[in-house]
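Listed next: structures, encoded as structure tokens.
One chain, chain A, appears in both complexes that follow, with chain B as partner in the first and chain C in the second.
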Partner chain A sequence: MTQTLSLTSSASAPNLRAALRRAERPGRLGALALALPALLFLIVTFAAPIGLFLTTAVRNPEVRDTLPQTAAALAGWDGDGPAAPGEAAFAALLADLTRAKEDNTAAALGKRLNYESAGMRSRIMSVVRHLGNFKDGALAPQFAALDPVWASPDLWAIIKRNAAPVTPYYLLTAVDLQQDASGAITRVAEDQAVFLGILGRTLWIAGLVTGATLLLGFPTAYVISLAPARIAGFMLLMVLLPLWTSLLVRTTAWVVLLQTDGVINQVLLALGLTTEKLQLMLTRFGTVTAMTHIQLPFTILPIFSVMKSIPEGQMRAARSLGAPPFFAFWRVYAPQTLPGVTAGCLMTFILSLGYYITPALVGGPRDQMLSNFIATYINRDLNWGMAAALAGLLLVMTLSIYLLFLRLVGAERIKLG
Partner chain B sequence: MFRKPMFLAATTLASCLLLGAANAADPLSVMSFGGAYQDAQRKAVFSAYAEETGRAVSEQEYGGEIAKIKAMIDSGNTTIDVVDVDAPTLLQGCDEGIFETIDWEKIGPKSEWLAGTTSDCGVGTIVYATVLSYDEDKLEKAPTKLADLFDLATFPGKRGLWKNPATNLEFALLADGVPSQDVYATLATPDGLDRAFAKLDTIKDQIVWWEAGAQAPQLLASGEVTMTTAWNGRIFNANKEGRNFGIVWDNQILDSNYWVIPKGAKDVEGSLAFIRFAVEPKVLAGIAKYIPYGPVRSTAAAEVAPEDARNLPTSPANLTTSLTLDNAFWADHGDEIRKRFTTWLSN
Partner chain C sequence: MWLPAYATRSERLCRLAVVLFAFAVLAFLIGPLFVVFPLSVSKDPFFTFPIREYSWRWYADFFQNARWMHSLVNSLVAAAASTLIATFLGTLAALGISRPGFPARKAVMALMISPMIMPVVIVAVGAYMFFGSLGLTNTRTGLVLAHAALAIPFVVVTVLSALSTYDSNLSRAGASLGAGPVSVFFAVTLPLILPGIVSGALLAFAVSFDEVIVALFLTGADQRTLPVQMFSGIRDQINPTIMAAASLLTTVSIALFVLLNLIRRVKRA
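Our next item is the complex of A and B:
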């Protein structure tokens, strides 16, 4: 028996497998064709724009497009030396800026170079405003008269470095690193190191919220799964109800509850539990509370649906075999809920990482998460490179946590329902 | 059936006549910020201009978005003759070359304008201020100088501050004894920046941060803070609604709006003539009747009625120790300082 089996598998199995694959191909293609519109929709409206946006984190067109002659003149200059480049570079810069003034691109150039060194914006703009007043003869002293910094090599090194079509600047800044004048990568000054701290804070808040929803959600899901059908339906409705209200409305409702003259403080004062009003708004506590409330259904639902699928008889069997109630629950029931717990926690954790509006309204300055900074860079500072770099950081963080989870728990053990 | 064509012919004829008249003097198209501010401009400037010159003003409104002005210029059809912009927009637009150069010969002597409110691309018009404010009904002893903001011993309680390094770092240095004219030179040095943050450190635990302009008077009204920095227009409005908020006219930080002419405007001479009219001392002073924004022109300040003058950031009695916000400084150093401010906030 074994012999025949091994014989057939060794001789004809590849053929058989290939034949099977051939036979299945039309069906698979048909399925793919059916999914194609949705797939295309995803690529065109989701993957492609995000991918394009993320490339702005490394794109560096300003110097290249605006100062082509200067970049060429600086190509042979040794940026590490103690001296500024020769007259040719000054003449090239003057020619480039004259064109930039006509094309109105000088402002964008100044803004870009200002990221590298504060004050570059006004240096570039003062040259542009001064263009008509340059006289024949040596240009270097005339530039130095506008701003002595033009005589130092540092500023030219910045221009030379940024002539490359891609820049590591935004990505490095997003992880609190910088490239110094010689091109070596170093940590930024302590008072400029913002983003790693904020990333840590984002992960910590998301973790707190996930823990809190699990603590509240697991017993709730357990009670619903044990309740008689009609009551369970009602309870489930109660869990789902907040999901049908806009996120903004739920967040504002928390503002009403938490503010200093809000409902919670008034109740506490009336009951005599406190003698003075508590600061609940603009705190970490308020942020985590509001986010926990909003995320609760996302944790409860997967746990509940997994619990529903666990046969009730198992607990009875464990009890009848002599297991004490807690032991039966812990050893027989709880392990089977793990796929739901994992799925619920993963979903809440990942959604919490991207929170924006709730920390902005309920949290204080110490509770702002990475998304708030992305929004600031997009809306106020118009620094899309920085926004893309931070968004990329968040995306990489989210994906690695997801992959880590898959690795630790196993894909088959995560179940949404 | 019969009357309709007649009516049509009549209106066509009428509009032809109107068009003929309009060709002689097209209405001047002016864009401003709408709301109470534009109402004040209409009453004080636009209607007076129409009366004086016979040329109507057609009004547009916007929210201060430079993108709107840029889009209009890029389309090659600049339909608006004069725009009211805030200081950062003036700076950015001037850098990007989207405004016509102002011929100051045709406006007036620059020396009459407050320092920092004349530009190659724009003419300063009104000034508003970030001021220290308190509730007179709640405080037994009123603060009298900016330094009181940092005096927790005499004035215990929370402080409201705008959640932005701009204005706060200036206030910190001013309260620490740096004279107005040296504030930005000091801030530009690492030691000066340290000094400003160190001063803010002394009240850090007591600060309640506000972000929207309307929050500042609310913080005062609810008694959440003993005193707060605020925009003077907001305090004025709260007082109109029955509050009794006081303003400490010491070391207030001034910022202004500007008239600019977008590139490609059809009638630059006409636009310049309008601006000249709008900043004439008597006309400019008229705005203060409706909104507590002061004229940037010293000769106009004298024309303001005394009962309005006490609310203005620019009336001589209030102006002795003021500082003009340096938007160019913030454009250069904003990135760096904002990062430091963020780390400072979270520590």
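Our next item is the complex of A and C:
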């Protein structure tokens, strides 16, 4: 095509190019039309649900929906001042909570405000319980009689701040930060700072697994690439078969192997390598071993396919030019395997970050990863905001490594089996 | 071992060590897959070797228990339905993407592949929330839609790889002989890329059949799949019937794997 273009005079070239583009347009649109159904399907069933879920990390509907009059009454109040708001705010809160009691929404409000400041839940619920006891006249002293904190501006500042439709609370908490009564961002107390630890643990476990698969996988891929065709084919089958077996079955197998009365302990005892049974289940070692087993094929296959393409003659040439064996391997062979090592390690690292099943079944409480905490916040605590914030954190890490993968390796290079 | 003639003695020793290491790694890879089989036919209800007495009682348990059978049927139906959707949409998409001049190919591929790398818990919770608002949680439809989304990348990748060896001159030849695009596709292209499509479909089936986390969030007692039933069993008290279920799942996986390799061999011949 470029040749035909270069043959034409330069004056008519733009016209020709435009004509070509025009001629190709129906083909391009046709190609897009073929991919469109799958794209739309993925957007509706995959991308949009994830996007929607992530917005719950900043959504803050409780105070707005349950305390609309209070929010309006507090709008003009200076939250930074030393005084609690006037009678109007107390009256509005009383009216809102009366309504909330009827609608059964007071508990959800109390739970939400309790995240911001411990004790808010019981304060709200105590007012709701005593709604019938409030008498005409000044309300502030009656509230203070239930709990003196109602006279302090801090509590009202929290309500005022959370009347906003969005909140940074969940995202800040996910990285161990908090907003104090004045709105300034500070670190949370040492004993409450858990989430950065979980993040670090997730990265550490994924890193350990990636390192272990590389250590085990690189020599294996090397041997497969050298072996005669028949043996290599057999060895490849042994790498591919586990990939086809369900992740749950492989994890189950590890549960059986690692149990206190399990196969590994029996073998170790029989061989006299240990005199008492080792605790392998519910340990970091067990989790990393099982994950390494599951991820190993993902690391081996890309390395193998790169190694297979390295011409044998190169090592021979290096040796004939006087390079000692290890030097030849390290300076000539190893650098050429880097694309495969990058592809395999990045893929294993990405997939390891999102593990849920294996840590849940093989790991102890200190081996649970971000995914496990996301599931716990949904299933046990019904705290969607916190789950979404942690999911956002996990997603940012996963996507940044995925982008790196796309840049260094490319989506077209992914092959299956 | 597999060394040129000029190799030194220490090199040979070194190579021998690497080869032994590689076989040890392969044993590590394949060994755990086969611990479940002997335990599933052991008469004892605890997991110890050597096995003292063999029996099929756990399989009888599995096939006579209504809950296990129900979950097996659920898994098969959901996997079949999501395979159909994913294979249809994925093949169409691959046909489009493989054409020259496909717009924004890199971005489209990045999106198409992303269900493969997305942490499954995020997919599951997102679907749980979104499908919940549409009344699709605790329905088979919701599970099938979510599984189809997870399976599409596997179909796209396999069909694209089949298309990469397809000579598009054949399509042109068909067109020059007077066939319309649709008949060119069915008479020329489809027969040639069919092995790729079938491989993709097998992968899609395996993805849905083995998937736990999305199913855990989206199904109620009625739509519970086999892996979900197994997962809750392992969490409570791991019993030998789970070993029987695991053995059956593994057998299905191996069967799919063998089928795939047969298709590949036919294609090559």
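FYI, the second predicted complex is superposed on the first by the 366 of 417 C-alpha atoms of A that agree within 3 Å, B and C clash if a C-alpha of one lies under 4 Å from a C-alpha of the other, contacts with A are read in each partner's own complex, and residues count from 1 in each chain.
By our rule, contacts are C-beta pairs under 8 Å (C-beta built on N, C-alpha and C of every residue); 3 or more make two chains touch, one makes a residue touch a chain.
Every value quoted in this text rests on a predicted model; they were computed, and no experiment measured them.
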Checklist entry - Given the superposition on chain A, are chain B and chain C in a clash or a fit? => result fit
Checklist entry - Given the touch rule stated above, what does A:37 touch, chain B (first), chain C (second), both, or neither? => result second
Checklist entry - Just chain B (first), just chain C (second), both, or neither: which does A:192 touch? => result first
Checklist entry - Taking the superposition as given, does A:220 touch the first partner, chain B, the second, chain C, both, or neither? => result second
Checklist entry - Taking the superposition as given, does A:114 touch the first partner, chain B, the second, chain C, both, or neither? => result first
Next on the checklist: For A:261 in the superposed arrangement: first (chain B), second (chain C), both or neither?
Outcome noted: both
Checklist entry - When the two structures are overlaid on chain A, which partner does A:325 contact: first (chain B), second (chain C), both, or neither? => result second
Item to check | Most chain A residues touched (candidates chain B, chain C) | outcome: C
Checklist entry - In the superposed arrangement, which partner chain does A:365 touch: chain B (first), chain C (second), both, or neither? => result first
Checklist entry - Given the superposition on chain A, what is the angle at the CA centre of chain A with arms to the CA centres of chain B and chain C, as a multiple of 10 degrees? => result 90
Checklist entry - Looking at the overlay, does A:151 come into contact with chain B only (first), chain C only (second), both, or neither? => result neither
Item to check | After fitting on chain A: smallest Cα gap, chain B-chain C, Å | outcome: 6
Checklist outcome for this item: Residues on chain A touched by both chain B and chain C 261
Checklist outcome for this item: The chain A residues in contact with chain C across the complex are 24, 27-28, 30-39, 41-42, 45-54, 56, 216-217, 219-220, 222-224, 226-228, 235, 237-242, 244-250, 252-257, 259, 261-263, 266, 293, 296-297, 316, 319, 325, 347, 350-351, 353-354, 356-357, 360-361, 370-371, 374-375, 378, 384, 387, 391, 394-395, 398, 402, 405-406, 410-412, 414-417
Item to check | chain A-touching residues of chain B, taken from the complex the two chains share | outcome: 92, 95-98, 120, 163, 208-209, 222, 224, 328, 331-336, 339-340, 342-346
Next on the checklist: Touching residues of chain C toward chain A in the complex: what are they?
Outcome noted: 2, 4, 6-8, 11, 14, 18-19, 21-23, 25-26, 28-30, 32-33, 35-36, 39, 46-49, 85, 89-90, 92-93, 95-97, 99-103, 106, 108-123, 125-131, 145-146, 148-149, 152, 154, 156-158, 160-161, 199, 203, 206, 209-210, 212-213, 217, 227, 230-231, 234-235, 238, 242-243, 246, 249-250, 253-254, 256-257, 260-261
Checklist entry - Residues of chain A touching chain B in their complex? => result 101, 104, 106-108, 110, 114-115, 118-122, 125, 128-129, 190-194, 197-198, 201, 260-261, 282, 364-366, 373, 381, 383
